[in-house]
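Several structures are given next for inspection.
Okay, so chain A shows up in both of these, paired with chain B first and chain C after.
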Partner chain A sequence: MSWIGNAIVAVLLVAGVYVWWRARRNRLWREAMAALARRRRFALIILGIYVVIGMLDAVSWVGGDGVQGVAASEARSVIDRIFKPSVFREKSYSAPFASAEFVGGAALTFPGRHVLGTDLLGDDVLYKTLKGVKVALLIGGLTCLVLIPLALLFGVSAGYFGGRIDDVVFFVMSTLASIPNLLLLIALIMALGKGTLQVCFALGITGWVGLSRLTRAETLKLRELEYVQAARALGVSHFTIVLRHILPNLAHLVIITFALLFTGLVLSETILAYLGIGLDGSWGRMIDQARNELSRDPIIWWNIAAASTALFILVLCVNLIADALRDILDPRTLRERT
Partner chain B sequence: MSTPILNVENLTVTFPARGARAPVVDAISLSVAQGEVLALVGESGCGKSMTALAILRLIAKPGRIEPESRIVFEDRDVLGLKVTQMRALRGAGIAMIFQEPMASLNPVQTVGDQVIEALRLHERVGRAAARDRAAAIFERVGIPDPRGRLDAYPHQLSGGLKQRVMIAMMLVVQPRLLIADEPTTALDVTVQAQILALLRELQDELDMSILLITHDFGVVNELSDRVAVMYGGRIAEEGTRAEVLGAPRHPYTQGLLRSIPSLAHRGGELEEITGTVPSLGTWPAGCRFATRCPKVFEPCNEQVPQTVGVSETHNAACHDVARNQPS
Partner chain C sequence: MLAYIVRRLAFGFATVLGVLGVLFVLFFAVADPDEMAIRAIGERASPETYTAWKRNHGYDKPLIINTEHDWTSIDRYTDTLLIEHYERMLSFRFGRSDSDDTPIWTRIREGAGPSLSLTLPLFVIGLLVAVALSLAVAFFRSTYIDRSVLVICMLGMSVASLIYIIGGQYLIGKLLRWFPISGFDTDPSVIARFLAIPILIGVLAEFGGTVRLYRTVFLEEVNRDYVRTARAKGCGEIRVMIHHVLRNALLPIITNVVLAIPFLFIGSILFESFFGIPGLGALTVEAINGNDFSTLRTIVYIGALLYILGQILTDICYSLADPRVRLGGGAGG
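So, the complex of A and B:
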């Protein structure tokens, strides 16, 4: 299955370069990007590091350096190859940079090598934390890939066409919104299964209502604007009007919502993990497993600290960027800048 | 008078109000000849914009064009056209410019792209050729640095320039009829004069007909050949510019013209038409102007006034005019 991860990284790289190149040619986007880089340089760099780590973990191939304890057919990512988890492992807990085991004090096989210590099974915590980056980005990204098209489809068609379509969509939205989110989420995951795809799909299904409401309301407003009327008076078809006049004017909403949703989704996975239906290797799972360790005496803190800090920094960075993006892309402040 | 390019008969547009369907435009008939400018004048809410939208079949629900209406444009029955045919007619046959140039352009597209979109919608033109045409029409409507301005966004242009872009966008495919809905209301006076002069020039040059919708008699006087005055969804008076502005017969037109401030009679109090326009669905049964008319007499309240010919080109729908008319 390693080719899927590789293909996704390749597609992301190509798409990223393409979007960047297109945005550079457009003056408005170029200015927005420059303003964002100026105001949130640090957060962007950190986020960039996260993305690079996630990608390094997604690029994998079979075979290679003859490391012991690895099946010959197993594809290993760049991160796996750097940390060699099958080699550099201990028997149980050890504190960061320790040279002896935490319980019992037996000497470690690799003293001082585990920057964030090791967990119950003797695995390196830094390695597990870095592996969590991919899972977190996957949850945020993949879910938004499900959620945003769904929200736009329903929101824009309800707002633009109104009437019956609006009634039906609004009924569906109100119904979904009236079911407690977490219950629906658990039910969906139970029904669909616990894989990454299924969890993202379930999060997407439960999360689109908010954005859909937003786009519906905005479309209702845009539909009555004179440039839409003018386009109709010119004989432009409904489909083209939506594509060229409605959707581009919703872009700022979508980008801002994406950034805010992303952190919400990463956080809600933590809650799912706590309930026992999270994804393997996620920070949520690490935090969940650390529950018992917290009640030990002396306390084993590095597991939960590593996962929480990684989560905290990612969420903080994305929120900071989202906040700046909102200021930059909001049309009301746009006018003042130019 | 040459043959009419647009002929509207019995046009009725209704909206639901107080449980029934109230006519916002009530059985109006008008025609625009080839190369003629017809001004449709009236106060806010009299149905003039609705008339314009109805001609393009752009009345939004819950509004409805009633089945007895007939709109004929160049011998084609507009109300009978299929949706795709109607789309082809909009823009190419009949184009419309709107009141608010600020809101008439998509803020996230360059103005050049918008003009090119309009052009390529109706004609098969390559990208580069379309760009040349757009630059040419920009130059024609008096936009300085036309090539450079193609890449400008609407917020970088002034109100007057935006209205010029709007005119360019509507004229790039050379429609035979231009509906101009208060094209100068949102602009300041000097720019108004320039835009009016431009419209006049282009109309001469392209031999295009214009249906000009306005409440400003200054604009009427500047641009129009014929004038139709609307009140309460009906045409009150219609005639050539000289007839309507010079010798108005309908009391409403007379009142309107008297309430324009004039440089010749400064000081003193400005006349007004007493009362306010009744709201939709509460029109009087007879003449709709009856409640505010200084010359009101018995039949006005009960009978809908017939249109009376004052001259071959001039007529008014008024009982008082009918009473004084030697027939």
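So, the complex of A and C:
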């Protein structure tokens, strides 16, 4: 299965470079990117670090670093190779930088090596936290990549063609929107079963409606604009009109919604993890497993602190970027500034 | 006017049918009765046990087409789970729980009270705090107070609600020992002590997003012409904020509020299970853990029903207040 992760990383890198190259050739987008880089340099750098860690964790291959035992036959990612979890493990809890076990005080096998301590099973907490980066990016990013084209397809066709198509799409949207979000999420996962794909699919279904509504309303407005009318009068095909005149004018909406959805998805996964239907290895799962450790005496804080800090920083960065993007890309605030 | 209400009601009813359709697809077609039986009693039972389980819980009919009846009979299409599902849900005969055979309707009636006793004060206090704070922020707009509150809101928005609950329970309940950590009682003199922590945490967890939202609403009003007129005639800034800006900004806020009211009955899934409040949220968690599909189905249905009702009421009230809505036509929108 390791090739899927490698392929996704390759596709993402190529797509990223291509989008960046296309955006640089357009003056408006170039200015928007420059403004974003100026206003949110720090948040962008940290988000970049997260993405790099996630990608390092997705690239994996078999063998090559002399690890023995069961792990030798499995594909291991770059993160796995750096931390070597099958070698450097302890018996149970140990505090950050400790040289002895937390309970009992027996000497550790690798004293001082565990920067964030170890958990109940003796796994390195820093390693587990870094592994969570990929899961979080998967929940937020991959779900959005599936959800956005779907939402655009429905929203734009409903808004552009109107009539019967609009009626059907509008009915489906109001049906899904009238089920409270969390309940729909729970119902979907309970029916589909637990698993990465199912959870992402369920998150996609619930998040789809909001963006679709936005794009539908915006398309309704755009359809009546003079240049679209002119294109239609000149006999340009519907497909070309949508591609040339409608979609570019929805891009800012899509980008802002992407950033807002991302944080919403990552945060709602923690609730799912608490309900026992989240993803394996996510920060939500770590928090859920660690929540009883706070009632111990003396308390074991490093598990829950590591996972929630990693989550907090990622969500904060994306929130900050989304906030700046809304200011930069929203034409209403643009007009106010000039 | 009457035509508009009738049209709106018809669309609402159609949405209810749509929701029931979604539920049928999820809980009968995707997770079919065989799968439900396997999840309820495990994988290694005899085929007779599964059949008995399905008969006991009323899942023994075919899904859409009943081949026991011949072509000419209408029963071929009506004597099925699909029709039965619609019939039962629309007439509010929810039957019994799949896991412990208690009547679902009683469980829901029992749970609504505790849920409301948590969500209602949480909602009212949260709203008052958010409106007051955002009004104050709009009053001090583009000063350091405004900016620092915005930063705090941004930080607050980025913390997962799970962390708020775990951290708050630990801090207030365990370190400071102000209130009991969890529990519930129907006695009104004791209940406040149990609800104090969840309400405190709930208000804290939500104010980030709402204050930012309401602040933009207020700031949109602050630059309007009537505000300038009010200032020109000599109103003080505080009077302008409360008498003019707040009043006009209330309409979009109320829209938000009315749409949130149906969700109060559903309760809060996280809060109720963390703080031991026996409400509908706790019932949902129990249904998830016990693979109790019939209860889950009913809770989702009731949630959607309340939401649709709330929306219809909002739309009708709006059309009474604002004739443009009525003339615009189109249901919802």
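Following the convention adopted for this analysis, the second predicted complex is superposed on the first by the 327 of 338 C-alpha atoms of A that agree within 3 Å, B and C clash if a C-alpha of one lies under 4 Å from a C-alpha of the other, contacts with A are read in each partner's own complex, and residues count from 1 in each chain.
Following the convention adopted for this analysis, a residue touches a chain if its C-beta (ideal position, glycine included) is under 8 Å from a C-beta of that chain, and two chains touch if they have at least 3 such contacts.
Keep in mind it's a predicted model, so treat the numbers as computed, not measured.
In the superposition on chain A, no contact is made by A:I8 with either chain B or chain C. After overlaying the two complexes on the shared chain, residue contacts for A:L220 are found with neither chain B nor chain C. Ranking chain B and chain C by residues of chain A touched puts C first. When the two complexes are overlaid on their common chain A, residue A:A230 makes contact with chain B while staying clear of chain C. Of the two partner chains placed by the overlay, only chain C lies in contact with A:M190; chain B stays clear of it.
Of the two partner chains placed by the overlay, only chain B lies in contact with A:H245; chain C stays clear of it. Legend: residue contacts after superposition of the two complexes on their common chain; A:V315 is shown touching chain C, with no touch to chain B. Annotation: chain A has no residue touching chain B in one complex and chain C in the other. Those residues of chain B that touch chain A in the shared complex are 56, 58, 61, 86-92, 95-100, 103-109, 117-118, 121-122, 153, 155-156, 166, 169-170. Every residue of chain C that touches chain A in the complex is listed here, in rising order: 11, 14-15, 18-19, 21-23, 26-27, 30-31, 154-155, 157-163, 166, 170, 174, 263, 266, 269-270, 284-285, 288-289, 291, 293, 296-297, 299-300, 303-304, 307-308, 311, 332.
Within the complex, the chain A residues that touch chain B are 27-28, 162-163, 225-227, 229-237, 244-245, 248-249, 251, 331, 334-335, 338. By the touch criterion stated above, chain A contacts chain C in their complex at residues 170-172, 174-176, 178-180, 182-184, 186-188, 190-193, 263, 267, 270-271, 273-277, 284, 287-288, 291, 294-295, 304, 308, 311-312, 315-316, 319-320, 323.
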